Amino acid sequence: MINVRYFGVLKDALGLEQETLDWQGGTTGDLLSRLRARGGDWDAALAPGKVFRLVVNQSIVQGEAAIPVGAEVGILPPVTGG
Amino acid sequence: MRLSVTVSADVFDLGQEEARLAAEAGDAGAVVAFVGRVRGQDGPVALASLFLEHYPGVTESEIARIAREAATRWPLLACRVVHRVGHLRPGEGIVLVLMASSHRQAAFQAAEYLMDYLKTQAPFWKRECFADGSERWVEAKTSDDDACRRWS
Amino acid sequence: MRLSVTVSADVFDLGQEEARLAAEAGDAGAVVAFVGRVRGQDGPVALASLFLEHYPGVTESEIARIAREAATRWPLLACRVVHRVGHLRPGEGIVLVLMASSHRQAAFQAAEYLMDYLKTQAPFWKRECFADGSERWVEAKTSDDDACRRWS
Amino acid sequence: MINVRYFGVLKDALGLEQETLDWQGGTTGDLLSRLRARGGDWDAALAPGKVFRLVVNQSIVQGEAAIPVGAEVGILPPVTGG
């Protein structure tokens, strides 16, 4: 199992804030493919080039990274803070 | 460098924060403060409020990482960052950055550097709530990315 | 641009000054503050106090002139300068510069510009009173002149 | 008559803060020549290149400037403020 959290505009686009997914191990790429495979809003909102950053267990990851079982994964749209 | 980062819904008190920083920093000489406030008339429709979201834990540690990076570039004695989240009305303070150094140029440049990064890299998301009842998530600005690129 | 300059022996209150400036400046967005404090260990002998002298009337109008010059370079909404004179002990605030603008870069740069000029051009003279009882007038620094030359 | 005011290190070097001088009109150069002619500390402290700025009636003057009768003149050593 992993917990996936969505932030900012993604929460509205996907219609949820967080979810728990079955997970046997894999990478950030695996997770994104699985989410995109839901089609519709998911495929559009998480299209390659649209997702700016992923966070695994509170650490921002660069490129492809492992997601261990039990992890918290954050999917972050472009930041607009300050 | 002494470093303290707070992200919360609470208002901040510039006078108290600066006095505490100056006392902690010892013989600082120069303190630069930046206060960012919610603007009410950024676009054609008046803003009723701004809603700020962050990623608890991740946002704080990212800001601290950026501040520690600033301390490798300039001789800093102390740094304090306060960023607010939740609903904020026009005129309210959103962000406070304080930099203490023995030298004013270091304090100025480090504060500007940290602000450029806060605007472009720190995990915050803004939702604008307008006077006419409409709402929208703010899109990332290119001009802020340009400001950030100056330092690289 | 709203402009206010005070030179006096009275302590200043950063929090109050910033709140007033932000209120006056309307939809400012960005306020940069510089607070200069008396350093206690600038040289080999500890400083007991600093005595600052100015030329009443002339000093205030020179500072105002420099601030108005800054307003021709950057889009400023409000500027407040407070400079203390008389005897000041280590840790006390000497100078406060506040710049309000819609844009943070303008506020940062104008505040730094004004500080560079205050350090090199404004008619103030410092006398250092040391812990061992000795006293001396501070000599003008070349590094501050260099900082000022950056802007010309 | 004019009133001449001395600031900073000049007050110590010259041993006075201000003085009133007979004056029938003239320039800043005339005033400096007259003060230097006192010799000793005056000649040393006010040597050409040492005096950074003169103020006539609250206005900083550049180069040679007229000093009207009744004026207040300030003689300013290099500034060390901020």
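Chains here go by letter, A, B, C and D, matching the order in which they are written, and residues are numbered from 1 within each.
Basically, a contact is a pair of C-beta atoms (placed from the backbone, for glycine too) under 8 Å apart; a residue touches a chain by one contact, two chains touch by 3 or more.
It should be emphasised that the depicted structure is a prediction, and the values quoted were computed from it without experimental measurement.
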item: Inter-centroid spacing, subunit D versus subunit A (mean Cα positions, whole Å); value: 74
item: Between subunit B and subunit A, distance of the C-alpha-averaged centres to the nearest whole Å; value: 26
item: Chain centre separation in whole Å, for subunit D relative to subunit B (CA means); value: 49
item: Interchain centroid distance [CA atoms averaged], subunit B/subunit C, Å; value: 23
item: Residues of subunit C engaged with two or more neighbouring chains; value: 36, 115
item: Graph class of chain-chain contacts, one of line, ring, star, complete, other; value: line
item: Chains that touch, pairwise; value: A-B, B-C, C-D
item: List of subunit C residues in touch with subunit B within their complex; value: 13-16, 18-19, 22-23, 27-37, 39-41, 90-91, 102, 104-105, 107-108, 111-112, 115, 147
item: Contacting residues of subunit D [partner subunit C, same complex]; value: 5, 7-9, 12, 53, 55, 58-60, 74, 76-82
item: List of subunit B residues in touch with subunit A within their complex; value: 36, 52-55, 57-58, 61-62, 83, 94-95, 115, 118-127, 137-141, 144
